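Each chain gets a letter, A, B, C and D, in the order it is written, and its residues are counted from 1.
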Amino acid sequence: MWLRTSCDLTFDITVPTPFILMLRPRSGAQQWIAHEEYSLSPSVPVFEFTDNYGNLCQRLVAPPGIFSIHTTADVITADNVDQAPGAPFVEIQNLPDTVLSYLLPSRYCESEKFSEMASLITLGQQLGYNQVSAIETWLRNTIRYEPGSSDIPISAVEVNSRQSGVCRDLSHLGIALCRSLSIPARLVVGYRYNLEPMDLHAWFEAYVAGRWYTFDATQSDLKGGYVAIGYGRDAADVAVYNQFGPPVYPMKQSVEVQLIEKEEI
Amino acid sequence: MWLRTSCDLTFDITVPTPFILMLRPRSGAQQWIAHEEYSLSPSVPVFEFTDNYGNLCQRLVAPPGIFSIHTTADVITADNVDQAPGAPFVEIQNLPDTVLSYLLPSRYCESEKFSEMASLITLGQQLGYNQVSAIETWLRNTIRYEPGSSDIPISAVEVNSRQSGVCRDLSHLGIALCRSLSIPARLVVGYRYNLEPMDLHAWFEAYVAGRWYTFDATQSDLKGGYVAIGYGRDAADVAVYNQFGPPVYPMKQSVEVQLIEKEEI
Amino acid sequence: MWLRTSCDLTFDITVPTPFILMLRPRSGAQQWIAHEEYSLSPSVPVFEFTDNYGNLCQRLVAPPGIFSIHTTADVITADNVDQAPGAPFVEIQNLPDTVLSYLLPSRYCESEKFSEMASLITLGQQLGYNQVSAIETWLRNTIRYEPGSSDIPISAVEVNSRQSGVCRDLSHLGIALCRSLSIPARLVVGYRYNLEPMDLHAWFEAYVAGRWYTFDATQSDLKGGYVAIGYGRDAADVAVYNQFGPPVYPMKQSVEVQLIEKEEI
Amino acid sequence: MWLRTSCDLTFDITVPTPFILMLRPRSGAQQWIAHEEYSLSPSVPVFEFTDNYGNLCQRLVAPPGIFSIHTTADVITADNVDQAPGAPFVEIQNLPDTVLSYLLPSRYCESEKFSEMASLITLGQQLGYNQVSAIETWLRNTIRYEPGSSDIPISAVEVNSRQSGVCRDLSHLGIALCRSLSIPARLVVGYRYNLEPMDLHAWFEAYVAGRWYTFDATQSDLKGGYVAIGYGRDAADVAVYNQFGPPVYPMKQSVEVQLIEKEEI
């Protein structure tokens, strides 16, 4: 399907403020960026680099005054999310080197604390995809999804104790549970068609049978319509914006995802 | 200045043909990509990756039939190219690790064969920027620039023997001469405003005084209006497209660069 | 000075157990590895790779039975640690891309929670080296250093609440405080001459004035004699060994660091 | 088998001379470095980094006077080289991103000039391993192996025209032929047990069926006893030493490879 995504952020800046943005989606296995706009007002010098996770990041210093960021993209993305019940667990020794860091505990995914819990949740499941699926189902049934309930990322331990959270929080717990079973897992931040209420979204991916699969405990079933912006170990690595110095908050943040008709050119 | 660049390629494919494209410019020190379009017709699955030089590359298999690639971008780029007469040579031991590979000979820049010649050309020059400047001037005065005269890259040795070449060829010789003086140098492929005749362009950069500087022996003086698409050791690393299997040639290749008016949003 | 370091680990393995080891020191700015031994008994196939932080890591599967790892190295290391009172803070926009990830919160360094505390500790200090020095002094005077008191890494928040910890714990708190001031900081694991009691050691580095500087709150003053094995955001990234599957603990872990006389060859 | 390798280089330096060395072997799929010595006399500051191909490189400035480098390693390496007749060609679209650069022409492997020749040599062969095997056999029967005949690398085109060369030269031609068939190929520099006469050695690897396989046209059959030091696109990337400034030549270069008995510890 063709989606038109947009994200607009507006800040009221008082002192020159360094930012690192992560708002330029890449074309990847499941999406093609056919059209993209990225504008800053006022226009300032920007340096782009690729981080350790392959994300395109933009560095800039926002000048005092109103500073706004406008991005939009037309993306072709899969109508359905690949699913693979029965896809096997990959033994640690057979994982690619580049995947190993997704086994480690990270800021918001204290995976070393979830071994026992993960074993219980996945009891009797075939190793691999089915374990992750059981984790996703457990999250969906157990942790109350409360979109918009918080701005600050909380860690898997806190999510488990609150028993509720935003999309990012549920993903953090899902990731921690996967890693505790030695299944590499990572956070994805992006857009999702028909999300209610519309906002930036977060979900997670797990590595089984030699590739990454999408999981999303906030949705009743796995449909397509995902557009990934960034990947990382958790929300510490994947922030749509990181800002340094005295904190500034967006005066306005608006996100839209529309289905569009696009003819082949 | 604001430029609108476009590159359209059309191929007549007979058997499924793997391609690696390098047509998505990054935002960098001297340019900001505000708007970008990249479409393929017919639409096919594409995987994007970042190569060793930081370029965004797209992998795909073109199906039999007419296959066309359309890219366009609105870019803000510097009105003038930074120049720095007197900027000093960086001692090898002080170069960043990532720059070292630009000192080595490469496919089209047999730098190990140009030490003597480079010494003569730069005789009496202060080490660093001025040496590269002398090389650029020498190329401009010595090697006949014949745009469109060839499609196949030729190496610095061949360029020097023919005493003429396209933009890429002059750059290859410039790069080989710089490297033979232990100045890191690399090829840049991209667009240039007001190029005559309009086409994709190639120029080179040399690393002095802790950063890369732009040089272009095909132009009588260094003005701005450059939009970089890709960087590499030479044309072997930076091909707008690499195609595998039985060779196919573009039926149509059109490149445009227009000055546009853009208001701050 | 010349040091001979050794680390021996012995495990009693019951089921085939995948390990990732990080026990091969690299030669770097402050140390040269002149002689190195690394043996496994029984001998098993090993794959070596370089992680995101530049560490050499070894992957293997330990077979059931007694499995032991023996490493030793002769290293020339600086007699004194570089110190640079007054060395300035590097503005975020001027940091190298590769250093940026050391500004983010990580598993054991919840830097986003320490802004206020870091401001208080460094009140009146010149921005940069002196701030880190003030943090080091504060740690030394405030957090009780209790070597051997724990095996499991604890996070900066927990260290601050307990007011005591092992070398790694003090470093985690130091790192979190630095990052909260937008000073990149990282954990180093390695050896230290004359450490009391002898064991593997951990300290931290902060990035000011364009390079990394060593800090160690466990020692009354900064002497030389450090040999680094691994670098990372915190202990989650830098484990001398990571083991997957049912937990195994070393039956024996012995570490030695001797001063040796070495003649120039 | 257990091998003890050593390489000693001695230079007579007149002006401070920057070097990049590549003399520290890594442990990899087919070898384990159990013991290693690396000493410089006089001792100078060295910085170690990992290049784009994963090689450990050492940067230093040699001071005027006699400068010598001594390295030795005890290595366990495979008794036999893996061979896989029938192992299939990997379609370009299925190659890992990291392997793609080994398809491109490089300084000493002008692969774009060998398509026709490679087709003839491999006529009737099954795509993949068997093609590379046919290339190796053709090299063995056609290009006279003359160890010690030259010091300066020559390119595949020159090797083909001379019809003779050293190990590196034969490998360059083998690599160019493989790449012209869209088979990734790379140069390996290292040691080989029982090489006659003893010296540093070079061979090549080709990527088929999802992994790299060893080929060596200088030997009548593929036995084991290889110890790799460095990998790259060709000799431009893999030099045991690269030296900058006025050329210096080793006064002495001695290489030894002995079979040793090693007991399990």
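We take it that contacts are C-beta pairs under 8 Å (C-beta built on N, C-alpha and C of every residue); 3 or more make two chains touch, one makes a residue touch a chain.
A quick note: this is a predicted structure, and the numbers were derived from the prediction, not measured.
Using CA-based centroids throughout, the chain positioned farthest away from chain D is A.
Comparing the residue numbers each copy contributes, chain C and chain D share more than half of them at their mutual interface. In terms of their C-alpha centroids, the spacing between chain A and chain D amounts to 42 Å.
A separation of 35 Å divides the Cα centre of chain A from that of chain B.
Annotation for chain C: residues touching 2 or more other chains are 49. In terms of inter-chain touching, the protein chains here make up one closed cycle, each touching precisely two others.
Here, these are the chain pairs in contact: A-B, A-C, B-D, C-D.
The touching residues of chain A, counted against chain C in their complex, run 18, 20, 49, 51-52, 57, 59-61, 91-93, 97, 100-101, 103-107, 110, 182, 236-237, 242, 244-245. The touching residues of chain A, counted against chain B in their complex, run 26-29, 32-43, 45-50, 54, 56, 58, 68, 70, 76, 264-265.
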